[in-house]
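One structure is given below, encoded as structure tokens.
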Amino acid sequence: MLFKVEMKVNLPTDMPAEVAAEIKAREKAYAQGLQEKGKWRHLWRVAGSYANVSIFDVEDNAELQDLISNLPLFPYMDITVAPLCRHPSSIHEDDR
Amino acid sequence: MLFKVEMKVNLPTDMPAEVAAEIKAREKAYAQGLQEKGKWRHLWRVAGSYANVSIFDVEDNAELQDLISNLPLFPYMDITVAPLCRHPSSIHEDDR
Amino acid sequence: MLFKVEMKVNLPTDMPAEVAAEIKAREKAYAQGLQEKGKWRHLWRVAGSYANVSIFDVEDNAELQDLISNLPLFPYMDITVAPLCRHPSSIHEDDR
Amino acid sequence: MLFKVEMKVNLPTDMPAEVAAEIKAREKAYAQGLQEKGKWRHLWRVAGSYANVSIFDVEDNAELQDLISNLPLFPYMDITVAPLCRHPSSIHEDDR
Amino acid sequence: MLFKVEMKVNLPTDMPAEVAAEIKAREKAYAQGLQEKGKWRHLWRVAGSYANVSIFDVEDNAELQDLISNLPLFPYMDITVAPLCRHPSSIHEDDR
Amino acid sequence: MLFKVEMKVNLPTDMPAEVAAEIKAREKAYAQGLQEKGKWRHLWRVAGSYANVSIFDVEDNAELQDLISNLPLFPYMDITVAPLCRHPSSIHEDDR
Amino acid sequence: MLFKVEMKVNLPTDMPAEVAAEIKAREKAYAQGLQEKGKWRHLWRVAGSYANVSIFDVEDNAELQDLISNLPLFPYMDITVAPLCRHPSSIHEDDR
Amino acid sequence: MLFKVEMKVNLPTDMPAEVAAEIKAREKAYAQGLQEKGKWRHLWRVAGSYANVSIFDVEDNAELQDLISNLPLFPYMDITVAPLCRHPSSIHEDDR
Amino acid sequence: MLFKVEMKVNLPTDMPAEVAAEIKAREKAYAQGLQEKGKWRHLWRVAGSYANVSIFDVEDNAELQDLISNLPLFPYMDITVAPLCRHPSSIHEDDR
Amino acid sequence: MLFKVEMKVNLPTDMPAEVAAEIKAREKAYAQGLQEKGKWRHLWRVAGSYANVSIFDVEDNAELQDLISNLPLFPYMDITVAPLCRHPSSIHEDDR
């Protein structure tokens, strides 16, 4: 089941650089792990911003909550979620 | 070059059913043609709405404008566009 | 899987009374059918408005889209959707 | 008398972990106490967020204010309230 | 139990004058009837607008819905509702 | 001359408890003094919030500014003001 | 007593030209009459719009409502009002 | 050339009183100097707020930027600007 | 003196095609005339929309109002205006 | 390929003056370097603000992201981006 997830990162401007670097490193590892498992199907940067557009592929709402709330950057992000489903005009097999 | 495009359809509630059906048929044919050409990479329905989330793959801004402004439903839609690019944490080759 | 759905009805003020009555009758029958099937778990009026707050219980996003887009009042409503899941502090068994 | 209450938690990102843990523990105990008393009828997590959707069942507006303003997380939350009442199409006896 | 109710009237600019006059006459009679019964405790015009601020005194949410949804101008108004209760600093006995 | 005034209190979450208590005590005394003088005609808590709805009765705009800007909580509040006047359908003598 | 009043005109695009011309002529006469009486102290066009910024000088809120609600263009305008008073740093005698 | 300028002051609530007093004193002197030169034609307090409505009279956009960006309170204010010009219905000679 | 002007066109969906074509032809001729005179320095389409971003070069606010209010599409557009001036970091001679 | 980029600077009011000066100096050098390379085609101050309107000329979305995210002021700015393309009514050769 797919969800569009948009994340905007708002790190405090006075966060020490090494603290920020450590959180970002954990975020990257976490994000890549979920991509490898097929849970995070797409991950794009929005050009001109510190934000992304993502497509998550999860079992249900509970798994979506589990995956998102464990993001290392979760406390620093504005996040919006939209449930997706197959569009009757889609010809792409995996645009479920 | 990828763009996220979100479209919300607002057909006038007094549009005759056969007029609406004809526009929607043309929209579907047009959308499937662009998908076949690889220009419209993803097309999802937002669950609970008459709206979609799409990913377009175009040469440049001019082609994006050309493709969107020729949508048969263009006069009836609220459309928002966000330019995308590769995210440094993406592992998917085609999340350009 | 639960979703909160909020619906605000905006009937055109010049819709003939009998047309409105017919749509509302179909809406009521449809809503009660979904309640009987357990798909529409809660349905409340928001006091002081022509709007409701509902809880849907569906298999997945696709079923949510199917049920909502077939509402007889669908073309006349502003609808917002929020995916729900179990809250760690809930003690109610069916607050899934 | 029912109210929909939506709560979005905004803990300061520099709050010490043990302070946050202590407030959350008190919040959980308080929330479960109100659920046991039948005052907090439903409590759902909004998937992908640190927010909830709740249904309160109170005697009157004054009790609603009393229950909400004593939430341990009250100073850290954005809260919206909507008064609910029976919907003429509801078939659920306790959707008052 | 008190509620602040704000109403903004949006009559279609092409409504025939006599139709508008007839609705307004019924609205006035209805509003004065509720005031006489003590249900509509205060009614003020917002200066510079076709809008009002009102204080309703009702048994519960259901009565609020009943009174508001029967306003002759109901289909033509944007309405917002806020539940009120006694403020700990109030010295006015009937600011319940 | 009447004004509706809405005040939403936003105390910094790190303000020491005794400082907050002292400001609130001064606010309460100030609010009750203005009520006794007939300047602050109504004061209601908005249920589920740290906010109030008030009706001020002043000589003119200058007095309104004087009374509001001297509120001890003034630096910590979002305040909105609406000028009121008699509604042609009001039957209450003092809904001026 | 001064008020800033902002008016944005939204004439229906299908209003016959002679009807619009007649309303605008009445609006102009009305506006100039109030200026001559000193009630409408300033009237500026906002450059690039069909909108104005005005300063009204009235006895009280009731007179403001009376003057604005009788504007021939009143049913076609979005209007916002802000009560003004003397600023402690003003050196202009009539910036009351 | 006239501009409407609206300024809302947001001093940090933890700014030491003497620092605030010093900035405000400089702001007042600066504002009065511009009024004496005829650059700041009107300055009103918005009743019930820490905000003002002003009319600036400048040579061009560059001078507007120069005058506003040198306000001692500039870093602490939300500022909006609207270009004004003569309204065809104005009878006031200096409502340019 | 430069202004950024953004225009969003909202033609009624039931406007006859030949009426729309005639207005657009006049708009194009008007826009090209102003470009030839140097008044309309830049004109870009916003990709994915029926909107433009423009830079006007005018004597003063009054000329801006004159040029914009005479656009054939003026009654059908949402227009926003921002006054521009030289940026201290610009190296382009004509970024005045 | 052109993009309109709008940047609003929000420096923390407690940032030491020399830190701010150093960041601004780097920002200026960076901005002038991109202008010299033809990447930053226009740069205007919005009069009455600490904001700018810019036109970027880039190869693609990825370059836009690269240029913007390396702005020394990037962590302190609200930035919005709009993709531009040639307008059919433009007569300026380089309004691509």
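Brief remarks on what is shown
Should a chain be cited, it is by its letter among A, B, C, D, E, F, G, H, I and J, assigned in written order, with residues numbered from 1 in that chain.
Just so we're on the same page, a contact is a pair of C-beta atoms (placed from the backbone, for glycine too) under 8 Å apart; a residue touches a chain by one contact, two chains touch by 3 or more.
Small disclaimer: the values here were computed from a predicted structure and weren't measured.
Among the other chains, the CA centroid farthest from that of chain D is the one of I.
In this entry, chain D maps onto chain H through a rotation of 145 degrees when their C-alpha atoms are superposed, rounded to the nearest 5. Spacing of chain B relative to chain D, judged by their CA centroids, is 39 angstrom. We define each chain's centre as the mean of its Cα atoms; on that basis chain C and chain H are separated by 50 Å.
Rounded to whole angstrom, the centroid-to-centroid distance between chain D and chain J, based on C-alpha atoms, equals 44 Å.
A straight line joining the Cα centres of chain B and chain C is 27 Å long.
Of all residues in chain F, those touching 2 or more other chains are 2-3, 45, 47-48, 61-62, 64-65, 81, 83-86, listed in ascending order.
Of all possible chain pairings, those that touch are A-B, A-C, A-D, A-J, B-C, B-I, B-J, C-D, C-E, D-E, D-F, E-F, E-G, F-G, F-H, G-H, G-I, H-I, H-J, I-J.
Taken together, the chain C residues at the contact with chain D in this complex read 2, 4, 27-28, 31-32, 35-36, 41-48, 52-53, 55, 82-92, 95. Of all the residues in chain C, the ones that touch chain B in their complex are 3, 5, 12, 61-62, 64-65, 68-69, 74-76, 79-81. Interface residues of chain H facing chain F in the complex, by the touch rule stated above, are 11, 13-14, 45, 47-50.
The part of chain A that touches chain C in the complex is made up of residues 1-3, 60-62, 64-65, 81, 83-86.
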